[in-house]
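Below are two complexes that have subunit A in common, paired first with subunit B and then with subunit C.
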Partner chain A sequence: MRHSRKLAGALYAAPVAVFVLVFFVAPLLLVGRMSASDWPLLAGDRGINLPANYEGIADNPLFWPAVGFTLKYTGIVVVLLIGLSLLLALIVADRRKGTGFFRSAYFLPTTLGLASASLLFFGFYSPAIGPLDPMLEALGLEPVSWLGTPTAALWSTVVLIVWKFAGFFMIILLVGLQSIPPDVYEAARLDGAGRMQSFWHVTVPLLRPALGLVLILSVTGSLLAFDQFFILTKGGPDNSTVTVVQLIYREAFQRFDLGAAAAISVVVLAALLVLNIVQFRALRKDA
Partner chain B sequence: MSTRLWSTSYYVLAGGLAVLFLFPLVWTGYASVAPHGATNQQDGFGFGNYASLLDYDAGLLRYLWNSTYVSVLTVALTLALSIAGGYAFARFTFRGKDTLFLLTLAILMVPYSTLLIPLYSMLGDLGLRNTLAGLALVLTLYQLPFAVFMMRISFEAVPKEIEESAMCDGAGTFGVLTRIMLFAVWPGLITVGLFSFLAAWNDFIAPLILISSADKAVLPVAIANLRQQSMGAVDFGATQAGVVVMALPCLVLFALLQRHYVRGFMSGAIKG
Partner chain C sequence: MRFPKRRAAAVLAAATALVASACSGGGSGGDQEVVLEGVDDGTTLTMWTRAATEAQSQALVDAYNASHENQIELTVIPTDDYQTRVGTAAGNQELPDLFALDVVFAPNFTTAGAYLDITDRIEALDFADALAPSHLEVGTVDGARYLVPHTLDLSVLFYNKDLYAQAGLDPEQPPTTFAEFAEHARAVDALGGDVEGTFFGGNCGGCFVFTWWPTIWASGAEVMNEDGTESLLDSPEAQEVYATYRGLVEDGVVAPGHNEETGATWVSYFPEGNIGVMPMPSTMLGLMPEDMNIGVAPIPGLDGGESTFVGGDSIGISANSENANQAWDFLRWSLEAEQQVELLAANGDVMARTDLADNEYYAENPNAAVINDLVQVGRTPYSLNFGQTFNDPQGPWLPLVREAVYGDPDADLTALNDDVTASLGS
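Let's turn to the complex of A and B:
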């Protein structure tokens, strides 16, 4: 009986095991091999090419600018997203008249796909049909080239991402806020704490796990940014908004060098693993 | 007096933010039917932009079909794998159980782009590149960590007594699963189905890389390509009509299944 139950368990787990081996473990091993090989897109494997693919990364004129831009973009997005989503969560945390409507309004952009949202803002920022320039003109101001300069392209994309994801992070923080027992606030009030004091000394420390999750999700998501820049700015103007993942895509499918693309992918994977371990450690230690 | 002032400023802030969040959504709906010189809807309000989508390249209906097919296949694969796997992880002990579970969750640690490069090559060897089935398999991979985790905790939450009494009546493990357990875990099934559908429907980079022929394109890639049409002139009206077509199913699902959205996020919070 016990023996057959073990067998049954293994049988139920078998589809997942096979799937994970074929579509996760095998590609993971293959990307390592590709990164060490001369592997043109069309010709396929042409043998070991070590360490040329890895040496080529640092020589790629776009690599360091892409790393710098991705880090800068991540820093801006993470700060703005966490700040705004915390504000939204605080706004809708207590049941008042209209909070149900506000929750839905802030959350609705999250239901769109990232590519859809990027295409939406592609029109929204365009001089052809966008509503922003007519509004500026009505105020007697000059129209703005929303995607025309490196700075404008960066901030326009940041606005898109904050708009798209703030409601998502609001929900995570809202769940965290609602798990704080009300008597903690009561105790703080009896001790003479004002609104700001109880926010900084009660809410923020108790919200730490939820804030930690929001931090990890927003850092990882921003470091791997692709859709929004591919659709909205195409990396321009003048390659000023090329992210690391876009660079991988370009190496593989525009310069047809899968070996070089695989090498960058392996470096990105290693960097992310280290970063995630550091973030987990830091959050766990402080908790 | 001061509470009234506070209440007024609360509603000004909350309402102002709501306007900012809703404005782009309202605008895209408006822009898709409003008359505009740069679009196929020149005079008065109407559906000219949607009409140009119908005729664009392989046609809107073909892209809708492709997207629906890939999404439904991804949901079916994800549900089948996560039901069997979740049941195994929740109710059985077997060799390699913990390793397999951790390995499945580890998929989350590996960036999409890192796996897409070797998957592009592998699917070519398997004859699955540039096929909708191959795309659905890759999309399923990225749903597995969440889905298996969700189904495992769903099965674990079912009281063991229900199962044991059925076992005494002579039902095997498969009978227990199909006749009893599946009914007990249906909220988990809806959450997994909802999230895998939305992820597949909206995914961009996987179909961009894995699908090369126009008649197999899915909606997001087709609409993104539409922009580069006809000598660099962008059809902004058709683009916004495409955004509306892509967004509508997502908004409807949100309206119908709000509670299941929040459940998904909450289990995400536990996961962290």
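Let's turn to the complex of A and C:
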């Protein structure tokens, strides 16, 4: 009896286990193997050449600037995204007339793929085909080079990402807000707490799990930024918006060197792993 | 009833043998006998091409399928994804029977053994000498030929005849020197309003090589050494090209947006009718508004002469194709006079051959004839590391040319040129 229950359990778990093995563990092992090998894209595995691929990372003049840029971009995006999505969640938290409309409106950009959204914004920003410059000119203003300078290119991309993801994080925070029992606010009010006090001392602490999830998702997502820069800026102008994942792409598909690309991937994976452990620990300790 | 163990083992062994023989029986791989004229026996062939040259490929494939037993299944892949898809497939031996390729990337694939050697088949063609010479050359490794020209895309000057007339220039006299090109651009720009002299993709390495190198070639200089391992892009001729464009930028003769143009929209300016003269891909000819009065001219050298970058796609049979004779049947057919004239020239496209210019369609379309004549003199640069050096937005060419055009006017380009050489030789 116990034996057959065990067997049934294993059978139920088997599909997931197979899925994880095939789509997660196997590729991971392959990347590890690639990172240790001389592996040209067109020719395939040419044998071990440790540690050349890893040494090459440090020699790559684009690597450290890309790390710096990726961190800077992540900092900006995470602060803006969490701030804005929390604000949006608070605005639409109470059921009033019209909240349904605003919830849908804020969430709508989430339903678009990132590549499609990037192409859409590329069109908006384009001096050739975009509507923004003609609109500015109609208002008697000078046209703006939306992607032409390093600063403009960074902020134009940040606007896209915040527009695209604020609604998604709003939903997560909204669920968090709705799970806070009204009694707690009631008790705080009886104790004489004002609106701001109950926000900082009731809402924020009780929203911590949702905020933690939003933090981890937005940090990880931003550190792995690729599509938006690939489409909007191609890393330019003058290599000012090259992210780490773009370097991986460049090694693999411009320089045809899968070994070097895999080595950077392994380093990024290790960094993300450490970062996520730190984030989880920090969030758990304070809770 | 119990199944005897020994019998089970015997059945298993027999089954395994059967499966194994079934697997090995099908493909004869590259060992098949070469039939020089090709074979049309109802085989289904697979073919890949990139979206940029879809129109021409599709026209050829449709006509072939309609008239042959063999059937080709054409897959069109987005241009930006093409390298990724084809490269990955080559590494995994999963290439289709036929695949076209941006000709500048050809050396990567021919030297990696992704294409089948078709030297004998090409030599057996009675028009072999007429195939676009620069494409053939780039598809050759140590005397072995792997590729034939498929769709050609040349850089040529487009100029707006109406704007020329308004600016007091002769619409039938396009620039014949590079200085004259700049003069014309300035003259048109002086019309003012929405009208601009010229345009270029200032953040697009591929656009620069395609449109600026012909002036260097036409002036008798080279952009790389013969092996494609050393950059010569700080030569006096190259510097004069940069300086001329720099002057045009400083005087506001170039339409706004050039500085950030990554190559996605650089050809969309001219057809709107406000640009005087600019070098563009010849494939744009068929996409111009019908009521637009445009002229086409070769890109001139500093003191005259003419050249062009012969781009576009070459095509070959993949090394792992099991239908090489059938695949060649399509390639041979597509290069025959009738298809070249009726499917390409009739559409205003450049032909893969230089001996068919005297046809009824070009007689009515002098711009297309001008372009086709350039195939003979044009160049296709060769380097194993071409893409990662010149097309890659993070490659070393873009910093060199951007410094020369937008940076410090007295900058010494030697170090930046050395970076290009380092990338070519790595």
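The rule is simple: the second predicted complex is superposed on the first by the 263 of 287 C-alpha atoms of A that agree within 3 Å, B and C clash if a C-alpha of one lies under 4 Å from a C-alpha of the other, contacts with A are read in each partner's own complex, and residues count from 1 in each chain.
Definition applied: a residue touches a chain if its C-beta (ideal position, glycine included) is under 8 Å from a C-beta of that chain, and two chains touch if they have at least 3 such contacts.
Just so it is clear, the model here is predicted, and its values are computed rather than measured.
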Partner chain(s) touched by A:Phe23 [first = subunit B, second = subunit C, both, neither]: first
Touching partner for A:Gly235 - first (subunit B), second (subunit C), both, neither: second
Per-residue touch tally on subunit A - higher for subunit B or for subunit C: B
Subunit B versus subunit C as contact partner of A:Ile129, first or second or both or neither: both
Partner chain in contact with A:Thr203 - subunit B first, subunit C second, else both or neither: neither
Which of subunit B and subunit C A:Ala43 touches, first, second, both or neither: second
Which of subunit B and subunit C A:Leu269 touches, first, second, both or neither: first
Touching partner for A:Gly148 - first (subunit B), second (subunit C), both, neither: second
Subunit B versus subunit C as contact partner of A:Thr157, first or second or both or neither: neither
Touched partner set for A:Thr74, first subunit B, second subunit C, both or neither: neither
Touching both subunit C and subunit B, counted on subunit A across the two superposed complexes: 44, 122, 126, 128-129, 252-253, 258
Footprint of subunit A on subunit C - complex, ascending: 83-84, 87-88, 90-92, 108-109, 112-114, 203, 256-257, 259-262, 264-266, 268-269, 387-388, 391-395, 398-399, 402
List of subunit A residues in touch with subunit B within their complex: 5-13, 15-17, 19-20, 23-28, 30-31, 34, 39, 44, 88, 91-92, 96, 98, 101-102, 105-109, 111-116, 119-124, 126, 128-129, 131, 163, 166-168, 171-172, 175-176, 209-210, 212-213, 216-217, 224, 226-227, 230-231, 245, 248-249, 252-253, 258, 261-262, 265-266, 268-269, 272-273, 276
List of subunit A residues in touch with subunit C within their complex: 40-44, 62, 122, 126-129, 143, 145-148, 153, 233-239, 242, 246-247, 250, 252-256, 258
Residues of subunit B touching subunit A in the complex: 10-11, 13-15, 17-18, 20-22, 24-25, 27-28, 31, 36, 38-39, 80-82, 84-85, 87-89, 91-97, 100, 103-104, 106-107, 109-115, 117-122, 137-138, 140-141, 144, 148, 173, 198, 201-205, 208-209, 220-221, 223-224, 227, 234, 236-237, 239-240, 242-243, 246-247, 250-251, 253-254, 261-262, 265-266, 268-269, 272
